[in-house]
Structures are given as C-alpha cells and as structure tokens.
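Below are structures written as structure tokens.
Two complexes come next, and they have one chain in common, subunit A, joined by subunit B in the first and subunit C in the second.
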Partner chain A sequence: MVQLREQSEAAEFFPSDVEYQGLLSKRSRRGRVVQLSFLLMLTIAVVGLGILLYTIIDDSFGLVAVVNQNEPEAVVSAYGYDPAVTVLDDLNKEQLVDVLQGSVSSGVGRRLEREERFFADRLVFESQAKWDEVCASDEPPSGCSGGVRSKGNVLDLVRERVIQPDIVAVNRLTASIFNPDGFKEEVETAFVENPSRFGEYTYDQVRYQWRAWFSWKFVTSPASDRPEIAGVRTAVLGSIWLVIITVLFAVPVGVGAAIYLEEFARPTRINDLIQTNINNLAGVPSIIYGMLGLAVLVRILEPFTSGSLFGEGAPNGRTIMSAGLTLGLLTLPVVIISSQEAIRAVPSSLRQAGMGLGATKWQTVRSQVLPVAIPGILTGTILAVARAIGETAPLILVGAASFITVSPSGPFSQFTALPIQIFQWTSFPQEEWRHLAAAASLVLLVLLLTLNAAAVIMRNRFSRRMS
Partner chain B sequence: MTSETGVHDATMAEQLKRRNRPFERVIVGSLFISGAISIAVTIGILWELGSESLLFFREDEVSLGKFFTSTVWQPQAGEFGIWPLILGTLLITVIALLVAVPIGLSAAIYLSEYASPRVRGFFKPVLEILVGIPTVVFGFFAITFMTPLLRSIFGESVVGFFNVLSAGIVVGLLIVPLISSLAEDAMAAVPNSLRQAAYGLGASRLEVSLRVVVPAALSGIAAGIVIGMSRAVGETMVVTLASGAAPRNFDLAADPVFGYVLNPFQGAQTMTGYIAITASGDISYDTIDYNSIFAIGLTLFLMTLGLNSLSRRIVKRYRQEYD
Partner chain C sequence: MNETPESTVLDPTAAPATADAVGGVEAADDGPGVLETRSMDVFYGDFKAVADVSMSFTFNEISALIGPSGCGKSTVLRSLNRMNDLIPTARVDGEVRYHGTNIYAGDVDPVEIRRRIGMVFQKPNPFPKSIFDNIAWGAKINGFKGSKSDMKDLVQGALEQAALWDEVKDKLTESGLSLSGGQQQRLCIARAIAVQPDVILMDEPCSALDPIATLRIEELMLELKENYSIIIVTHNMQQAARVSDRTAFFNVELDTTGQRTGHLVEFSPTDVLFTTPKEKATEDYITGRFG
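Presenting the complex of A and B:
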C-alpha cells in the first residue's frame, strides 16, 4: 500500500513520457541555440580582425589622380621618341641625367651630386676644381666616397624633381578595382563643383595611375612633407635603434631578476615585495611609463640621455636613449614574468642532480638550468620586444619628434619611430596621409609578424627537444 | 696510523668546508640588484607623479577641492576639474566592456567547453594575432573604418567625427582577447570531475557550461573582466585618435544627461588623451600644463592600481580550491 502511494506521488512529481520528450527536445534546442550564439560572438571577434586587416590593405594600394608639372610624354618626345611607344623608363641614364640637368636649378643639382655622383668618370653639375676642394674639406659630403647613382635612382629623381606629380585625389583598392569609373566621375565632379580646391589645375591635366603606397621604395625613402615621396626609412631606423636599446637594457636585467626570484630568493619580506611589485608593474598603463621617462630620463638625467656627458650633442634629452630606456622599463616586468615561467618549467631533477654532484647553486643555474630555459626565455623576450615596437604613447611623452627627415646616427640622436609616424599621419586631415598611415601600419605588422613567427618557431623547436 | 687518519680527516674537512667564492657573491648580488630595479621603477613612478602633482596643486589657480569636485576642465581659463576627463574615460570603458564582455566570455566558453581541437586550432591563433596588433593601428582602424561606419548608420548630423562610441567599440575589440584568454584559463582550471558528475546526472552541455563550469571559474572570470577594464582605462592611442581633444565639460543641473553628458555620439577627451595631446606639443617644464599631466597621471595610476589589486583580491578570496 505504502509503495503504491509513493508511486502515484512520484507520477505526479515527475513529468509523463510525452511531457518528458517535449522538455528534452526543448532543452537540446536551447542548447543548440546558445551554442550557436557563442560561436557567433567568437566569429564577431574574428570578423573584427578581418575587417581591420582588410581596411589596412585596402588603404595601402589604389588609384590616384595626379597632376604632373611636366608630362612624361613631353619629356620623351623632346628626345625625338614617339610617346605612344616609348615611356620614361626606356630612356637611358645619360638622357635622364640630361633631363634632370635641363630642369633643376644648378644649386639643387650640386647638392644631389654631392650626395652621390651621377657618373664615375665625369661631373655633371660641379666643376672639377670645386669638387676637389669640397672633397678635401674636413667634412667631405657622401658623394666623395665614390658611389655612383644607378639608373633607377636617376629615374626616381627625374620623377620627383621634373615630373613632380601632385596627387589631387586618392581611392581605395577595392573601389579602384571594381569601380574605377566611379572614382573618375567623382574627381571630375569635384573639379566642376569646387575648382578652387585644386588651385590652378584643370581637369584636363589630371592623369590616373595605380599607386602602391606600400612598396619597397616606401620603406627606403625618408620622411617628407610631400605625400607623393614620403617614406618611412627614418621611422624604421628609429624603431630599430629603439629595439636595440630596449633589448640591451631589459634582457640582462629581466633575466637576472627572474633567475634571482626563481633560484636564489628565499621567501623573505623583501623578495615577496619584489615579486608583488613586478606583478603590479605589469599592469601599469604604458603612458605612465612615458611620464616616468619624461620626468626622470629626459629631464633629470638630461646630461646622460642627451649624450653631453660623452661629448655628443643632442640639444635635449629627447633622444633614442631616453625612449629606448623607457621602453626597456616598460617591457621589464613582461620579460621577468615570462623568464620566470621558463625557469620554473625546468624540471627540478636537473637542479638536484647538479647539486648532488657538488656544484654550487650558481654553477647549477649556469650550466644546468639556464641552457634548458633559454629557448623559453627567448620566446618570451621576442614577444615582449614585439609589444615594445608597437608602443606609441610612451614615445609621445618622451618626445619623439614628429617630423624628422635625417636618419638617426646613434643612441643620442633625435628620432621618430614607426608607431609615431602612423599616429601623425592618421591625425592629418588630408586623405593622402591616411593611405601613408595604412602603408606604414602594414610595414609595422609585417615586422611584428616576422618577430612572432620567430617566437613560434623557437617554441616549437624547444618543445620538440624537451620531448 | 690513527694520527695519520686524523690529519687526513682534518684536510678532508678543510676541503669539504664551504669555500668562500667571492665571484658567486658578486653574481648573486647583481642578480638581486636586477630584481630590486623593479622596486626603483615603482618608487620612481610614485615619486615623479607625486612631486609634480604637488607642484600642480600648489599653483594659485588650482585647489585640491575643485580638482575633485569641479566638472569643468579648461586649462586655458584656469579651470581644473578632473570630472570631464574621468567622464570621457568611463564612457569609453563602459562601451568597451559592453562589447568585450559578451564577446570575450562567449568566446572563452565556446573554446573551453564546445570547440573541437581543430576549431580551437583555428580560433586561438586569431585571438593571439589580435593581441599582437599595436594600439595605434587600432586607432587608425577606428578613424578610417568604425567612425565612417557609425556616421553612415546613424547619420552625420548625429554622430560627430570624433565620438566616444567608435573609440569604445574599438577599445572593446582590443580587450576581447585579454578577457577571453583569462576566462578560458579560469575555466580550464575547473577539474573534469565536476563536469563528469554533472553529465552523469543528465545535464546537457549548456547546463554543464553555464551552471557548473562558469560558477566554478567565476572568480577567475571576474578578475579577467576587471583586468580588461583596467586596460581600457589606461588605453591611449585609440581614444586620442578617435575620441577627440575636447574635454566634455558638463553641468549636471543644466545639461541633459542622455542628450549631452552621456551622449556616446560626440567626442570626449579622456585622461590618457589629455596627457598624450598635451605632451605631444612642445611642452615646457614647470608650466601649469606640464604639471597638470602628472596630476592626471597620478589619478590614472591610482585607478588602474586599484583595479589591478581588486582583481587579485577577487582571485584570492573567492578562488575555489580543488585537489
């Protein structure tokens, strides 16, 4: 009797078979819907990354509308060639130099020749007597050392100085491919509706051509205030110098600190403090490090960071040295933490074996622990350096100059860096600069991708050896 | 015989004694100094922020009370109230979290509980790439893609060229991988026995994820969100480029709250944006502008420090210990 009553109560409590099936399918339906929405969210992040890369590439290439000061066809036909068959590239070097000679002032010509000679056997703009005098002076210009401009170099000079293309409108890659006529119509309408925007140019002068903002020439040209010829050489060299200083500071100090904390530090108060402090430092915003760099490195340590202690003369402390050390301080906690992880991953049997054979602690660390930990340390360091290359805010604070065309010559020169260049170009209102910023971003991303690939390769090689 | 062994023992003991190794002491000493440099960095930060801020508050135009109560930041007019800058920072942080928390958590749950190794192998590197992209490139993205997109959706008269929404969304995208990887780590630390027990009781995958794994990993997830928030507060380049250089001065009594004070479609300078813009000009030392960036910096530093230690505290206090 009792059993029966319990059963009937249970039947009231539990759903019947039909209800049960309904509930079950409802549950699994809900599960599928939520799972899909999780996947959707994840896809949004991936799509975000995709759009970001697409935007950069889309802006790095495309059609441009230019107005040439001198048409290349006119230049070619001046040499008796048919402009329909012959283009500027077909002229030989002598002819190109001749074109240059006919167009630039003798002052500019002399300057170009002093940078690098046009011909090995003769001078074009300078008289032999004056040349010998200049080269005999205390600071002979670079042209005296005997290099000769290639034809490609002269061709670039002719384009830059004689043709003098002036970009009046720009277009993006996909729009240029799928709707080039739309762009042309747009430019034409702009000329009709708002001719004052284009100064003295008329629409007849406009030529359309493809332009790769991201190109090898872009990487090797110095900065300029003309978007047609501006490049990132100065900025790339600045970034490389920064990385050198950062690594020279952060790696020895960071790895040293990691070894100390992992191998030597006893759990005393001061060592606990150091560990907590490093974890805290890793979370400090980068701009705060920039302020530290500005107040301490640039200002207080100016005699050191401007190089005047060593007889070098930067006008103030806003040099590569200050910025490199600032980035070094910034990456330090990351290097320490990743090196600690690498050292911790070394099996303690290695240490015990070393000490059991009578080695001292340092001997064990140096010859047993470090060799095993080094690939891991390197991987972490490369990733930290990759982060440092992209840092912009601290560089703004320590005063990376926005407009510098002279390549940095050493740790005590003023400088600009790739992220600073991107920041500057992005904040300019004219559209041409936006495309330069995209191309510079692409250069930066390629650089970072290379570094990351190196880290991944190292990690794989490391894990293979350990297993 | 005995005396011989005695002598022998004495030399043995002499040899086995710990030798004095000055070289090793130097090494260990320099390793310690490397570790201590980090303390020097912290002291440097605190000292420089503190002393310059002190100079700032000593200026006649500035008063500590007004700094923390006034809602107008107009250095040219001698008005130094930090709230407009904090408002800008908070607006962007809130928008960023609204974007990043759902995406980051969904991503973490999916990757940790649902994804097959192959799917994981695709998504995980993508998130890692997202981490590696410099923030200035995200700033470029905000200006060239997000802002024009928002302006075409909501209308150019509604959305300003500089606006908080664009900056907030992009900062959100920036912190997605941070939140998702921290949350995923927390969920990976939940022991499998809990999952198996729940499956054994007839729970579905969704129920296991949301009712067992997420609650068990809640402390780690919450800590991750707080870290993401701290990152958003300190983010500089995106907000400098996309949110403009005008502080949003407000008067709670007079200005409409949703039309103006919290309006996401117009620009608002943030703390980091103010520091970056002020320092990017030729700033001369010991002026009130120069000192003001350190007062803002100190506030920023304390905010992020507070958030970071909050996240550590969450982990410490609420972490479930499994054996």
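Presenting the complex of A and C:
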C-alpha cells in the first residue's frame, strides 16, 4: 500500500488511505460490471444473428410429401429394369428422350427442341424440312445455333413434364431430421380429416423425399407459378444488373463529389449548405428515393430510361436503368460521406509534401491522397452497395415486375430483384412459397457476401500496395 | 548542379545578378539576393501574424530563422514559396522577390514557385511509396523527359547528395516508410533536391530526430549549401550557431488589442548576432533570459 505524502493543502481533499482502498475496489468492480454488460450485448447480437440464419436455413431444406403424376418406378420398369435396383437417373439419354416423347404433346416437344436440340445428329419432334425452314427465318430460335441438351437437362425435363411431382406438404429441416415420423403422421391425419384439401389424391400416392429448396437448380431456374420448379434466376440477374448500374453511377459520382468537397471546395456558404444537405440526404427513407425515381427517372426521363433514345424497345421507363439509378441516388450520400471521411483521414503532411515539390493540386490528390484513401473509400462503398442490394421499397415504386420469367438482357429490360421476389413469395398463402422465400433469402445473403468478399479482397490488395 | 530556370515568368536573365548566382559562387554577396522579401506582412484572415519583414537570402548560404514560439518564423518561411496559399485565409502583403520577380504577382503560378523553392518539413513525410518512387515522382510530375536510366541517375544523384545512397541502394523498391526517422528526413531532402530547386526551405527539420540523426542532417546542410541557398527555421539556437551563416531573430509583440504579431528584430551574420547583438531583445533571447 502506498503511503500518500502530505504535500500540500490540496491533499486534504483526497480520500484517506482506507477510503481510497474502498473506492479503488469499487472503481474496479464498476469496470468489470460494464465490461460484462458489453459482453452480454455482444452475445445478444450474435445470438440474434444466429437465430436469423437458423430460421432461414431451417426453411431452406427439409422433407416434402409429393404426389407424382407418373411414378418414376413405373417409367423405369417400362424399360424392363427392376425398380428396386434401377432409378430414373440410370436411364441413358436416348431412353429419357424416349420417355419424354411418349408423354408430352408434340407441340410442347417442338418448342423444347427449338429451345435446344436433343441430339446433334437427329431431330426428335421436328421434321428436317420444317427445321430447316424455321432456322432459315429472320429470327431463328436458339436451338438452331447448335447447342445440344445434356443428359442432366433431359432428366430435369422428364421430372418436370413426365413425373410432374406435386408437393402436398412441407416440413422444416430440424423437424425433418429429428422427427420425420411426426411429419408423416401429420400428413396422413390431414388426408383422413380433410381429404378435400388434396383434391383427387389419395394418401397411397404420397411419397416422401428430401428437398433442398436452396440448390444450384433453384438459382438457375426462372420464376414459375409452380413451386416445384420455381427458381430465382431472373431475380438474381436483375439484382446483379442493379448492382452494376448502382456502382457505375454512385462510385464515380460519389468519389468525385467527395474529392471536390474535401480538396477543392472553399468553405463558402453554398458549399456548407451542400455539405449539410448531403449529410441529411443520407438519412432520408428509401421510399422517398423511390418516389423520386418514379417521378423523375420513370416518368420525366422515360425516353432515356426506357432506352428509346438508344433504339432499345422497353415499353416504359420501368427498367433496370431507372431502378439502378434510383438505388445509385440512394447510396450516393453514403458514398460521398464515407469517401470524404477517408480522404480527410489522409495526413495533410502528404498533401504538403506533394505541393511542396511543385505538383498541382490534382497531381497531389491523384498520386498521393487517393491511393491512401482508396481502402477507406472502398469500405464505405461496400456498405452502401450492400444496403442497396437489400432495398425493396424504392424498387416497388419504380416498378419492379413481380412475376417475370425472361432473364433481363440489358439495362433497358424489365426486371425483378431478389428482395422483390422474396417479398412476393412471402405474401403467398401456400407453405411451399415460404420455403422458397427462405431459399431466396439465402441466395441474397450469399450474393451479398460474395460481393463483399470481392470488395474486401480488392481493398486489402490496395492497402498492401500502400504499406 | 542547378539548371538555369527555364520559365518565362521567372526568366533568370531578367535579373542580371542571378545569372552569376546560378553559375558562380562569387555573386552571392553583391546585388539582390536569390530571394528577397520587401516589407512583407502575412495575415491569417484579419489577424496579422507577421509584420514588415524585409530580408535577403543569397546562394551558398544557410540562413537560420530563430525566435520564441509564435513569433511567425514558420509563417515567414512558408510565405517564401507560397506554401501558405494552402491555408485558405492566408494572405501576403508586400513583396517576395525570387530572382527579382515578385512571386506574389498575379501572373505567377505558385506551383512553379514551389518547384524552384523546395521545402523540407518538420516531421519527415515520405510518400507511402517505394524509396525510388519517392524521388522519381517529383521529377515525373514536373515533366521529366529523360529515359528510364536517366531517371535512375537522377534518383541516385539525389540520394548521394542527401548522403543516403549507401544506406538504401539495395532496397530502392522498399517503402520509404521502412526507413528510420533520420533516413526518412534525408529521403525528404533528396526528394526536394531531385526537382532541381535552387532554394531549400527547412522548417525545423531536426525537431523530430535524435541527436545523431540531427548531426547527420546538419552535416548534410553544410554540404548542400555549396549548391543551394538554404533557409532553416529552428528552435535550437546551438543548431543555428553551428550551421548557419546568417541568423534572423524574430520576436512577438502584443498590441493593445492583445494580438500577437511577429516581426523581424535583427538579421546579421551568425557570429555577430550571437556575440554582439545589436538589439537588447536579441541578447535577452540568446542568453536565455526569455523564450
């Protein structure tokens, strides 16, 4: 214990040794309590995020009860195989095409063939003469360009058009793992108690199988009104297009504005006003940006956003261009502010060194300030773009289509986006769509993490080059 | 070593004394100096930081600016190559003549001034780039036309002049920030030399360095004065006495409103100023009675 010396009059205002010891332990205790409560807060945050992720994954996989229009076993045994040994996957491509040919109408078959041929050396549904005629027309279908369907592709077609599974009940992942019999009993009871719900199906037809709602096929399939085959390809492509337009607009404009405000603008009243407004804009609700996008981009600038200025033919301004620019405007204030912070954090000694060597302001900013600021600028941009990807409200206003099966082909296409798709699916009453929505959320998360990872890698590469 | 400045605005042939000054040694003492202030006042907004400074600096000399804190010696130094322009409110009245041209005249571009009158700062501030690029960058942005090997020669020459070449010749691609503080400061000096200035301003270049590094910088200054005019601000009177040929003493005056305005008290050969100062204030300062 340290003896405090009586040094001056002020010493009497300090606690005595005994008091001090008491105070000291009190102070340490308070510190520990605060530390613990912060730990608790961190735990709450982690648990909350964990629960969120758990529910999404829980809904993305699980057991389903299906009724097949044609049983795969019957298809296999029709080819003389024992259904106990051979499954549908074991059939070869010729046999699968044969199955398809026996089940679908010739009109559907021709359409499938025109999309993509089944075999390189022969036609299945179309006559050679008709095929040559179709391919010689002004707009030949995609099948004419020579691609051939793979076996997996034909297998998918057989499942979709011959087997035609109809999901009658769904179950969550954890329940499916730990209590699969409970689910089966539930379905059986439902068939007994409420048969009208299942139309003409009987319980004997029900098959149980595992289903990954979140799968590569889900990502690559277009939207559909049948949950069995619905996918998010159009929405994913729409979101990617939106990110591209958003970044192309918000980053150059935002960084440019930030450079001007930080490096060139004199502190005049107008510049102060602009700065204040940018800070306020960062807090404006996204739906307001949606209103702006609708009024200005979709309506007033329609010739530009519909692409008719460039000879493209969208019927109106409700295109990826409008939505991307709306999201760009939405992210712009955040990009500007975070870029300003990053530029401001560059030590002024670097600017002085550059200017002191006879560099112009721009030479100094370009070669000395920006390279140091870029990691910070990228961090802000990542956060802003991540926010933009998840935005739904402005997209609804700007006019994202809720159901669209054609992949967007460019900035002047109609589009949908992942959050819109999720929003729409959650509003459907049937349970299957909820699982699709969960899987789509997972796709959105993966997309977000991929973009973020790419940006972080880029940022780290920049930082490493600096030091 | 020094190229003749090739600017139209700052044509050295316009000032007769300069032609000699650039090429020879003897011109240093006669005629107007390479750099000269005439009744220079410096303002920050309405605040007059320095009043009525008239001084003349010549080639092959080290001039030291000393004085108590807040006397405006750094302000004077930064006014000499228009670095004060970077402060939006700063303003200079009077004239600063470089080879006879007023650098505050309307048609003079401060960018050119800063290339001709280089600067070394208080804290070593190398760019976060390689040692090579630290030096090459200044030349590049000033329109260096030589080949790659010319650039190598330029970098080597600058590093040799700054007495740094032997220490860094094997690691030119490493970051300038990997050097020690003293080496960084010599790198900054090499960087300033590489753009071919003829005046080098140093703002307390040793205040962030240890005594050994300080000594090396001082030796370097003595070598460099063969080719340049060096003006140094220092808080260290021993340093001024050791390296400088002439010393200027600045002091602060409180006016009736409480504003502190710096002014030049005395500018004499160093040995005179430190042994037989003309002014009482100078004597009080150098004998440690205040400041």
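FYI, the second predicted complex is superposed on the first by the 406 of 467 C-alpha atoms of A that agree within 3 Å, B and C clash if a C-alpha of one lies under 4 Å from a C-alpha of the other, contacts with A are read in each partner's own complex, and residues count from 1 in each chain.
The working rule: a residue touches a chain if its C-beta (ideal position, glycine included) is under 8 Å from a C-beta of that chain, and two chains touch if they have at least 3 such contacts.
Not measured: the values here are computed from a predicted model.
Colleague: If we overlay the two complexes on their shared chain A, which of subunit B and subunit C does A:Val372 touch? Say first, second, both or neither.
Modeller: Second partner only, subunit C.
Colleague: If you count the residues of subunit A that each partner touches, which comes out higher, subunit B or subunit C?
Modeller: Result: the larger residue contact count on subunit A belongs to B.
Colleague: After lining up the shared chain so the two structures overlap, which partner does A:Ile396 touch, if you call subunit B first and subunit C second: first, second, both or neither?
Modeller: first
Colleague: What is the contact status of A:Leu329 with respect to subunit B (first) and subunit C (second): first, second, both, or neither?
Modeller: first
Colleague: After lining up the shared chain so the two structures overlap, which partner does A:Thr360 touch, if you call subunit B first and subunit C second: first, second, both or neither?
Modeller: both
Colleague: Look at A:Ile240 in the shared chain and tell me whether it touches subunit B only, subunit C only, both, or neither; answer first, second, both or neither.
Modeller: A:Ile240: touches no partner chain.
Colleague: After lining up the shared chain so the two structures overlap, which partner does A:Leu301 touch, if you call subunit B first and subunit C second: first, second, both or neither?
Modeller: Neither partner.
Colleague: Have a look at where A:Ala190 lands relative to subunit B and subunit C in the superposition and call it first, second, both or neither.
Modeller: Neither: A:Ala190 stays clear of subunit B and subunit C.
Colleague: Is A:Leu42 touching anything from subunit B or subunit C once the two structures are fitted on A? First, second, both or neither.
Modeller: Touch status of A:Leu42: first partner only.
Colleague: For A:Leu350, decide between first (touching subunit B), second (touching subunit C), both and neither.
Modeller: It touches subunit C, and subunit B stays clear.
Colleague: Following superposition on chain A, which residues of subunit A contact subunit B and also contact subunit C?
Modeller: In the superposed arrangement, which is not itself an observed complex, subunit A uses residues 360 for both subunit B and subunit C.
Colleague: Residues of subunit A touching subunit B in their complex?
Modeller: 27-28, 30-31, 34-35, 37-42, 44-46, 48-49, 51-52, 55-56, 59, 252-257, 259-261, 264-265, 271, 273-274, 277-281, 283-292, 294-296, 299, 329, 332-333, 336, 360-362, 383, 386-387, 389-393, 396-397, 399, 402, 419, 422-423, 426-427, 434, 437-438, 441, 444-445, 448, 452
Colleague: Which bits of subunit C are touching subunit A when the two form their complex?
Modeller: 81, 83, 86, 88, 111-116, 118-119, 121, 123, 125-128, 137-138, 141-142, 175, 177, 188, 191-192, 195
Colleague: Hey, which residues of subunit A end up touching subunit C in the complex?
Modeller: 266-267, 347, 349-360, 363, 367-368, 371-372, 466-467
Colleague: Inside the complex, what are the residues of subunit B that reach subunit A?
Modeller: Residues of subunit B touching subunit A: 21, 24, 27-28, 30-39, 41-42, 44-45, 48-49, 52, 102-103, 106-107, 109-111, 114, 123, 126-127, 129-130, 132-141, 143-145, 173, 176-177, 180, 204-207, 210, 227, 230, 233-237, 240-241, 272, 275-276, 279-280, 285, 293-294, 297, 300-301, 304-305, 308-309, 312.
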